[in-house]
Every structure is written in structure tokens, then in C-alpha cells.
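Quick one: structure below, then a few questions.
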Amino acid sequence: MISAAKPSGNDTGPIRLGMVGGGQGAFIGAVHRIAARLDGHFQLVAGALSSDPERARESGAELGLDSDRCYESFQQMAVAEAARNDGIEAVSIVTPNHMHYPAARAFLGAGIHVICDKPLTSTLADANDLAALVEKSGKLFILTHNYTGYPMVRQAREMVAQGMLGTIRLVHAEYPQDWLTEAEEASGNKQAEWRTDPAQSGAGGCVGDIGTHAWNLASFVSGLETDSLAADLDSFVEGRRLDDNVHVMLRFKAQGEERPAKGMLWASQVAPGNENCLKLRIYGSKGGLEWEQEHPNELWYTPFGQAKQKLTRGGAGAMPAASRVTRIPAGHPEGYLEGFANIYGEAAAAIRARRGNNSSLPEDIIFPTVQDGVKGIRFIDACVKSSSDNAGWVKL
Amino acid sequence: MISAAKPSGNDTGPIRLGMVGGGQGAFIGAVHRIAARLDGHFQLVAGALSSDPERARESGAELGLDSDRCYESFQQMAVAEAARNDGIEAVSIVTPNHMHYPAARAFLGAGIHVICDKPLTSTLADANDLAALVEKSGKLFILTHNYTGYPMVRQAREMVAQGMLGTIRLVHAEYPQDWLTEAEEASGNKQAEWRTDPAQSGAGGCVGDIGTHAWNLASFVSGLETDSLAADLDSFVEGRRLDDNVHVMLRFKAQGEERPAKGMLWASQVAPGNENCLKLRIYGSKGGLEWEQEHPNELWYTPFGQAKQKLTRGGAGAMPAASRVTRIPAGHPEGYLEGFANIYGEAAAAIRARRGNNSSLPEDIIFPTVQDGVKGIRFIDACVKSSSDNAGWVKL
Amino acid sequence: MISAAKPSGNDTGPIRLGMVGGGQGAFIGAVHRIAARLDGHFQLVAGALSSDPERARESGAELGLDSDRCYESFQQMAVAEAARNDGIEAVSIVTPNHMHYPAARAFLGAGIHVICDKPLTSTLADANDLAALVEKSGKLFILTHNYTGYPMVRQAREMVAQGMLGTIRLVHAEYPQDWLTEAEEASGNKQAEWRTDPAQSGAGGCVGDIGTHAWNLASFVSGLETDSLAADLDSFVEGRRLDDNVHVMLRFKAQGEERPAKGMLWASQVAPGNENCLKLRIYGSKGGLEWEQEHPNELWYTPFGQAKQKLTRGGAGAMPAASRVTRIPAGHPEGYLEGFANIYGEAAAAIRARRGNNSSLPEDIIFPTVQDGVKGIRFIDACVKSSSDNAGWVKL
Amino acid sequence: MISAAKPSGNDTGPIRLGMVGGGQGAFIGAVHRIAARLDGHFQLVAGALSSDPERARESGAELGLDSDRCYESFQQMAVAEAARNDGIEAVSIVTPNHMHYPAARAFLGAGIHVICDKPLTSTLADANDLAALVEKSGKLFILTHNYTGYPMVRQAREMVAQGMLGTIRLVHAEYPQDWLTEAEEASGNKQAEWRTDPAQSGAGGCVGDIGTHAWNLASFVSGLETDSLAADLDSFVEGRRLDDNVHVMLRFKAQGEERPAKGMLWASQVAPGNENCLKLRIYGSKGGLEWEQEHPNELWYTPFGQAKQKLTRGGAGAMPAASRVTRIPAGHPEGYLEGFANIYGEAAAAIRARRGNNSSLPEDIIFPTVQDGVKGIRFIDACVKSSSDNAGWVKL
């Protein structure tokens, strides 16, 4: 059962990891560190943890990094680590969006694998450049769309892929939050500040921060490509510079002869009572699936004409796709950090495969790639464009 | 507590009721009869229960009607009952949509109050005509958008009206079902047949049958007027002649200086695992509300920044708007029939007020009117029009 | 679908019903009246609605009874109605417990069928006498353990009977409420007063009022006979004269060779946050079932080693035992009143069978009998006795 | 927010940890390792992972231990590690129950802190001896009753302690599972084998394995001491040597003048459909609390007379007692491993305090001690004794 990310053979030593961003006051950096550590795959040994040198040093010390591996800039770090025999094998980039691209470029250039938070970049141009760089570098690039790491999300994807839902007709994704119901960005909340700042986040606010998660998840599980969308973005809070709510209608590309699937997507940061209610519902000609992040160990499955079934992580009906990222028995909840750690587990397996000079990865390794990231930026762009055009239809 | 529809004074005798439609094999007619009977307000005494004379007679006999009050046509019934001293005071029209208008016209013309199932008519022209007829007749017209009768829906409406949610920003309504996932209309199911037949249902299939319920509910609780909408209708089942799924983006009219609210609406008859999952979520600057029909005795209320509260019918925090339509203590569930009976209870109170020659109704009586019905038909029309125009925006 | 209590043949006229108790200020009387009326089986035509003559008259007038059939005492009513050609065929007894016996005796003696609220009586002696009287009279006696009328309770019973759970091992029943958390009986609440008064309720408070419901339900669904029990009763509120909380361990009689089943039962009126949380869980060698009254349209079924299934009223997997007491489609909730009305529906079917001079009832008619009532009183007695003996084991 | 187990000052280096048990095929050992690693507090450097030398070596290699620190016995390990400058500071004992005592004795004797799985020992004599040894040694002893590490359990305890529930009246704890519904121990399942073997588990089966968890949790949150209990144990599966189901009635010691609280406890391994449904409900004169392990991020709170509130981990109303063991924002679920890691976090804080030669621990550190373990064994003993005496009352 404790199968997640089980290392094997002579490649079992922890992977040497660096981090860009994630210093004091940050949120997602700490999550990445726990995720990297949880299964023992990675050891954090270097960091450019803040653009403020003082804070970078202090943050590094707090994390027990050697002082000579606490860098003042990611550029410096890329060069120095590449030159060391025991230099980092991979770097986690956990900065605000606009820094993803330059940081990734630096490490790819130095021959170091990249694990990067989402959305991929703050502009589509950067995204396309980055995809080209990854291709050229031959290095691994893992985008932490962490919700794809949940076991029951893997299970759902497998069930769709096996045709258990028949032809997919409907995809409904939503991700409501409430933390920006008031002007939090005006109260000194650093997380709110950069997320509502176009210079750091890009053209999408809510749609970029969590809308992409919902859309990525919908795409991941359904296996469908989006053809076009119509989006209505709003900033309900006075003075807010980016959207805090987005409504989207989706049209998917046809699969064969069947009528193409349709969908709806809603993301919000101004829906009081919602914490992180990411929810996905998929319906096909033979059955339906429902999953929500706040109760991630459960997956509702309804074969048409039969009773509704609550599948549980590790329980009856669990498929290998879910079991291989499951650590503990059914009924003992795993959560957000475990799901995140599964992405790191996949990254570790891929990096280890490369240690062995394998040019191809084992088939069962699944992680969001730079191409998924480019698609995500296209999704944001299309939403912004549609919304500025009275929510007209935009091809993706 | 047993307050719903409590009769009083000298107007306590049951109201003499007739019915058009609802004979053997029908569904909603039996619901109306239970709703009418549940609180003892009405006595069914006459009927034109089927367009098939034989079935009309048999159905009437089964219900214990006098044979001379089992009519072969509603026209005949309107004339005959109007001529009796003990003739019906009100009629319930429970036919397929296209018959609502001619039947209502006949009874209004005969000076008889009308209780009518939704949607109001099968065309907008009929709807407008009918509204004019009602106005001219001076008779009562009650449209059975029954979900507005649920106590916690009344509570929600009152909370919004009192400003407990602040300025409304978001309205999300959905009504997924699954019973038409396959071509049920081809299997001899009478309910499926007329609901998928444009001649009987009008231009809307799913959008007319349940989309209107969701939209009416959203309007009723939020108090918002819809400004415009963009709708994407589909018929996923091969050969189906009307839509079986509808996605809608909504824009509401501004209230004062505030940014207008937005919304999404989804109705489906092809979502496996969903029985009658009508759900409404409303979010404002100060809090949120969530309600669903399958667990109607609960209302989730989240004042921003406070813990989520589960309000229960008859429980702590119940307002008079809810209590007056509540029969039994908290924790003893009331359901669909009780909510439906509350509409009949309001109708009874209104009819009794008219018995006393009151030209105006008591303030606390609430029921959906012919005007609400016209709006519903406009909603259907707008959805169909938008969808045929590539889901472009249409003013309501 | 609208099958509940469908009358047939020449016995379709409503049954003439009288009522004892249930006047102004009462609770359960109004519930009985709605239940009797809901399916059109009964017509209330006479009453001895209060022991206070003035209130009896006023209550009767409010209900539209003829003034000459508003009696000042049940004795008077029994005699007068028995003498009329159009006299009542059945009486509903909805008084406090101590009056059940004398009232039932009067009507049985007058040859009138009895529908009686639970618990059967306030003493075991009365209960035994009453059972003998019923036997002698040849009249029907229906005890309104209303929870046995819920469709999914019928379904559960049928599933157990068909062996779908294997050999039953465990039965867990609970019924927590919170309305007596404080000394409500000291505040003028009439319902609280008599329920905490030994003279009116008998020796059991909470155990008699709701503990019997939980135990009856457990017995009804499991089909098991209780062998013995150990009970711990408490009165947590200062000055309260009867128990407001009861803990019971149960041992059932063996069925064949298998180890006898065990159980636990909890009933409370002092558990804040619980309204009417009657819940039943049954586990056998092959599977489990879980049901709760506050969401009565759902039944959880878990065949061992398979995914948990949520069966719904009217949904996939519904058995005839449930369907025949189901009125409306799956997803439209039925509630407490419908469940209660199902008991009246069974009573009506039985009474109509007797109209036809049938000595035996159709097999599928199910209702709690006077014998079930005697068992309930034995249960109360055993609990009180055990508790007074330091919760030692007492045979039932 | 990422506050759990935050190290500080000069004591930040990871703690050197050894492990006894937990080799290949074990379950709980892997859980301990993740818990130890999750927050970076511990580094596993030595192990006696199996009583089978070959398996011990292989297991150690798999975990990346130096081969000279993979010991063949815990005795050898205790001696060798105590002699090293870089020897382990603490050991985790994760063997079957009967080995806890000898292993703990060896490490305490060697001056090494002990973290030990529950129940404490397999006999009460061992438990008492061990408590004396701990006292004498001056070393830390942490018992991993891991459910006490959940943030909302901490919150519940604090709410009770602050009097938010008033005087506690009722405590209901249950822990149903279903994995031993059939004779799993006969099918080669190692976990089932030792758990149903008196020689390895002690006199309690289900009651020792999970009943103690439920009872410990009830005691931890309520703050109540158990006065006496009556228990009914069963082995429902043919041939099983230890109990697989236990029913308990509880009486607590009085607190002041108030009537003592009562409780019920149920643990089962034969309840199909239950995975790890540990659930605790506590009711007092002013309110109630409900929590369940399978949805651990939610805590239901009902102040009497108010609406039911769903408190969430990290959400509105979170108290410092919960926040200090919370890592991520509300709505992102934490689970079993995080709760377990919180126990390790507390252990780490205590061990670090001792590094600094502090004789007393910071006040806010909370973990189950050897005394709690002794009480747990007394609970098991009392249950077994009561059950063998026809479930009579036994003082604790």
C-alpha cells in the first residue's frame, strides 16, 4: 500500500534539490518543501529563497541550508550549482508568476531539471519561449498542477479512459474561494498583493490563480481538448486590478462521430463560505463521476441506471492508477500535501530514470508538462480576450 | 408550528376545485391533488381529466368524482361548472404545456380562478395573451413554481431581502437530472414523449421543463431581474427533437451604484447520477447561501469571516417567512409535496380573501403569478434565440 | 409511482374517522390529521378533541366538524358514534400515554377500529389488558410507530429478510434530540410537561417517548427478537422527574446456529445539535445498511468488499416493498408526513378489507400491531428495571 | 500558517532517530517514518527493523540506512547506538504489542528517548513496570495515540476546557471498521494474524487495537476520568481468538456538584462499509461537538439554541491550540499522516527542549504519555474482565 514513489535499484539516494522563492512570508514554498520531503525523495540543499538578500540568507539558515548555498539570486545559483560536483539535480521555482520564465531559463540553461509552480508564466510569449527552451534542453520540466496528484483524480481519469462513462457529454468544473471577498490586498497581505497585481500575475487574476487549476483538472480527467470558450470576468471588489470571478462556457473538440462535449467552469475568490472547493463533475452516455478537493478520498461514480457508488481511496474498486499513489489504508484520509507529494514522487521517478540515462520515461509516470503549462496560459489568454469582447467565443 | 395555510374565520370551508388533465398515466396531476388535499383547503369535485373521453370517465370514477362532473372537455366543464350554484371556485390545469393557454382562457372567461402548472404556455404569444386575459378577468392566477414553496427557500429570500448577504454578486443555479440519458421517449414513456415534443412543450425541452424552475428560483430568492443571457443548448441523445442540456451565463440588472451581479445556470436531463438536484447558491459582499432541493430542510448560511451555519427548517434562526409555511418540528423532514402544498395553501388564502370580496390580498401571501410565468417564457425564448445565434447575448 | 394506498374496487369511499385528543395546542394530533388526509383515505367527522369541553368545541369547529359530533368525552363519543348509521369506522387516539388504554377500550367495546399513538400505554398491566381486548374484539388496532412507514425503512427490512446482509451480527439504533437540554417543562411548554410527568407518560421519559421508536425500528428492520438488555437511565436536568437520556446494551435471540447478534441503543433529549436524529445501522456477515430519519430518502448499503452504495427512494434498486409506499419520483424528497401517511394508508387498506368482510388481510399490508405495542412497553419496563438495578441484565 | 513543529534557535538540526520493527510487510512503521520526516524534524539513521536478520538488513538497505546501523536485534542496537557519538537520540517502537515493553526497556536503559506505538503493552503488569522505568529514567516517552494530533481534535479539547459546552453530560465514541468481517487472519494477512493472536496482542483484540484509540480520544477531548464501565465483547467470526467487536457503557467521575457524565463506546472490525470511522460526540449543558476521523478537517459545534456550525481547520474560529498544528490554509485537507506528524512534532519539540537541558517542557506541548498508556491498558483489562463477568460494572 505504501507504494507512492517507491524508489528502487541503485537510484535510491535522495535527489539534490534547490529552490527559487519560498522564503519567509511565502506560502507555496513551504508546501513544496513538505511535498519534496514527505516520501524522502528529495533533499533541499540550495536556495535563492528571496529577492531580498537579507531575507534570502535568513530563510536559508532557518531551513538548515549551508550558508554558501544560500544565493542572492537565481542566476548566481544556477551557475554555482552547475559547477559543483554535488550540485543540485533539480530546482523548484515557487516565485510569483512573472519570475517563472527567467528562473526556469537560467536552470534549464545550466542543465538542471525544473519543477515549477503554475501558471507557467505571466504571458503567452514567455510560455511559448519556455516550451521551446525545454524542448531544446532535453531536461525535465514538471508543472505542479498538484490536484492531478490526488489518487481519486487518477482513478477518475482511468475510469474515463477505460470508457466506463461512455462518450463524454458534459464537464463541469468549479473552484470557488472566498478569501478576496473584501479588499485583502489593501491590508498588507502579501499573497493577496501579488495575486491581484498584473505585473506579477499576468493578465489573469482569479482565472490564472485557480481557474487554470480547474481547467487543467477538467482536461486531465476528461482527456478532452478544448475547442473554444466564452468567458465573463469580473472584479467585484472596488479598486481590484484583476478579475476575482470568472464564468466560462466551454466547447470541446469532437471525438469521432459523437456530438462534441460541452462544459462550464466557474472560479471565484469572492464566494463567502467557500474555502478551496475545487469540484469536478463529468457525465457521459453511460455514467457520471463527481469529485471534490475538500473530500479528496471519495469519488462518486454513477453507472447510468444503477445506485450511486462512493468509491474511496484504497477501498473496493481502486485501480492501479490510484493505488500506485496511495500510501495508507482506506478510511485514513490523505490530503493536499500527499497529493502534492505525488507530483514530486513522479518527478523523482522521472529524474531517477534520467540518472540511469534513460531517454524515455516509464509509462506509468504522469505529470503535467510544459506543454500543459502553455495550454493553461492559452486558456487564461482566451478567457481575458473573450471577456473583453463581451464574452464572445474564442478558439483556444 | 402547524401553521401552513391555517384557515380562519367564516371562510374555512374547503374550496371547490376542478382539474384539467391529470388522468390515468399522468404524473403531475396526482401531485397537485395531494398538494390540494394535504392541508384540507380544497375538495376536488370536477374534472376534465383526459382528452380521451373514456379515460376521463374512468379517471374521474377512480377519484370518486360524481359522474356528471366528469367532463369530456375543459370547455364543457367551464360552462357547466360556472352555471352551478356549487360550481368549482378554482381549477388546476395540469396538462402538457400547449394546452395551458386555451384551458386557462376558458376558465378565466367563466369567472373561475386558475392554478396552472409551469411553464406558463408553449409560446410567448400565448403567454402575453394570457397575462392580458388574467388582468382583464380580475381572477386569481397561480403558477405552480412549487420550489418557491419550500420553507427554507422562503427563508433564503427573506435573508437576502433583509440585506444579510450584502450586495448580491453571484447567483448560481443548477438543475441536473438523468432520466433522459437514453432515448426514453422512444420507449413508450408518456412523460418523456410530450416533454421532447415541440408541439406539446414549445421551443424549449430541458430549458423549459426544468431550466425555468432553476431560473425562477434564482429570481425569487435573489430578487434580481435578469438583464441578458447567453445560452448554449444541446440535444445529446441521437434523434431528440428538443434540448436535453442547457448552459447559461447570466447578467443581472444593476441595483443602485453597485456592479451588477452575474450568474450561471445549468439544467440537464442527461447527467447520470442526478435525480432532481435543483441547487441554488447566492453570494454577496457580506455572505453566502446554499440550498438544494434534495435536502430541502437545510439552508447553509455563511456570513463572511464566520463559521458556516446549517440552518434547519423550524430550527434556530427560522424567520416568520419560513415558519408560516412549516408544519412540523425541526428534524422531521418535510418534502416536495409539502412545498407544493404551500403553493396551494397560498392559493387557498388568496381565494378565501376574495370570497370576502377583498380586492387586495394580505401582504404575506406569496405565490408565482402570470407575470412570473411570462418572464419564464421570455427566459426560454431568450435561451433558444441565444443558442441559435452561437450563444450570443440576448436581452430579456 | 403514485402507488401509496391506492384504493380499489367498490371500497374506495373515504373511511369515516374520529379523533380523541389533538385539540388546540397539541402537536401530534395535527400530524395524524394530515397523515389521514394526505392520500384521501379518511375523512375526519367526529372528535373528542380535548378533556376541556370548551376547547373540545372550539377545536372541532376549527376543523369543520359538525357541532353535534364534537363530543365532551371519548366515552360519549364511542356510544354516540356506534349508534349512528354513518358513525365512525375508526378512531385515532392521540392523547398523552396514560389515556390510550381507557380510550381504546371504549372504542373497541363499541366495535370501532383503533389507530393509536405510541407508546401503547403508560403501564405494562394496561398494555396486556389492551392486547387481550383487541384479540377479543376482533377489531383492527394500528399503533403509529410511524418510522416504519418510510419507504427506505421498508426497503431495508426487505433486504435483511432476503438475506442480503447475511447473518445479522450488530444492530445500532440511536435517537438523539436536544429540546429538553434545559428545563423546558418549567417554562409552560405543554409538550414538555406531560412528557416529563410520570402520571401521564408512565415510568419512562425519554426511553418511552423516543427510545421505543428506536427499538421498534431496530426490531422491525432486523427481524430480531431482543433476549435481554442492560440500561443506564439518567435525568441530567435538575428536578426532572423522568429520564432524559438512556444508554442500552442489547442481546438478541439466536437465529439458528449462529452467534446471537448484539446491539446498542441510545436515546437522548439533551444532546445539543440533534433535532430528530433517529438512526439505524445494521451489519451482517455479508453487508451493512445505514439509514437516518433526517435524510429518509437515502439508504446506504454496503455489500462486504464492494463500494458503498447510496440507494434512493424510487431510484435504482428500489424493491416492491418500498415502491408500494412511494408517491413521487426519486430525487423529490418525501418526509415525515408521507411516512406517517403510509401507516394510515396501511390502516385504510386493512379497514377496507374488513369492509368486505375479509377475515384475513392482504399479505403485503404491514403495520405495527397491539402486540408490537406490548413489546414496546416491555422494553420500557425492562430498561427502567435494569437501570434501577445498576444497569444489570434483564430478560425481555 | 505553516506553523506545525517549527524548529527555532540553535536546536534546529534534525533529531537522529532509530526504529524497532517496521520492516518489509509492516504497515505502521512506514507511517511513523513519513510522520517523522514530514516536517523535517527527524532523520532515520538506525534500525532493528525485523526479528528476521535477513529481512532486517534488506529493509534497512531499502531505507538507505548504513549497513553497520542495521541491527539484528534491538538489544544490540540500544547498546551500540548509546556508545556512538552520533548515536540516536530517540527510537520509534513499531512492533506488535508484546514487544513494546522489552524494547522500550532496552532503550530507556540506554538513555534514549522512546516513541512507542499503542497500546502500551500486552499486559497490565508490563505497563506498570514500564511506567516505573520511564519515571526512573528521566527520559521522554511518547505514545502515538495519533488521533490526538489532529488540529480539530485539539480545537475540540480546547473548547471543552474553556467551558464552551458547559458541564459535560454525554460522551459517545465509536470506531467501526470492516476489514475482519471474514477470517482474514486465515488468509496469510500478517496484520490480521498478529492482531488476532493473544500472544502478540494481549487479552484485547478489537478493544485493544482500536477501542483504546476511541477511549483515549474521548478522554483527551472531554478531560473526563472514567470511573467504571460495563463491556460486552464478541468474536463473531468462527475460530477467531480475540474479540472483533466491543460494546461499552461508561460512567465518568463527577466534576464538582454536577451529575457525572455517561458515555457509550463501540469498536468493531466486523461492520461492513466502515473503513476507519472513528467518531467522537460530546454534549454538555450548553452545547455539543461532533468530529470524525474520515473528515478530520471539520468540527461540528452546536451552542444550544443556535444554528449548527461547521468549524473548519484553519477557518473562522480556529483557536491557537489548533493553529499551532496546522500547516496549510482552510479548505486544503490535511489527513492522517499530518495528524501523526503532529505527534512527532510535539516529540521533536520536547526532545529539543531536553537538548537544551530544560527539565520542564514548554506548556503548549501536548502528547500522550506512558501514564496515558497505562490507563489504556487498564481500560482493556477492565473491558475483558467485565465481559467475562456478564458485562458487569468494573472500576477502572
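The letters A, B, C and D name the chains in turn, as written, and every chain counts its residues from 1.
FYI, contacts are C-beta pairs under 8 Å (C-beta built on N, C-alpha and C of every residue); 3 or more make two chains touch, one makes a residue touch a chain.
Note that this is a predicted model, so its numbers are computed, not measured.
**Q** In contact with chain C and with chain D at once: which chains are those? Just list them.
**A** A, B
**Q** Measuring centre to centre, with centres taken as mean CA positions, what chain is farthest from chain B?
**A** D
**Q** Same or different: at the chain B/chain C interface, is the fraction of residue numbers used by both copies above or below half?
**A** same
**Q** Quick one: chain B and chain C, Cα centre-to-centre, how many Å?
**A** 34
**Q** Could you give the separation in Å between the centres of chain B and chain D, each centre being the mean of its C-alpha atoms?
**A** Computed value for the inter-centroid distance: 55 Å.
**Q** Would you pick out the residues of chain D that each touch at least 2 other chains?
**A** Each of 274, 301, 308, 312, 315 in chain D touches at least two other chains.
**Q** In their complex, what parts of chain C are in touch with chain D?
**A** Spelled out, the residues of chain C in touch with chain D are 169-170, 172, 178, 181-182, 230, 232, 234, 236, 245, 247, 249, 251, 259, 262-264, 266, 268, 270-274, 281, 283-288, 290, 300-304, 308, 390-393.
**Q** In the complex formed with chain A, which residues of chain D make contact?
**A** 1-2, 12-14, 27, 30-31, 33-34, 37-40, 62, 64, 177, 274-277, 293-297, 312, 314-315, 327-338
**Q** Which of the residues in chain D end up touching chain B in this complex?
**A** Answer in residue numbers: 301, 305-312, 315-317.
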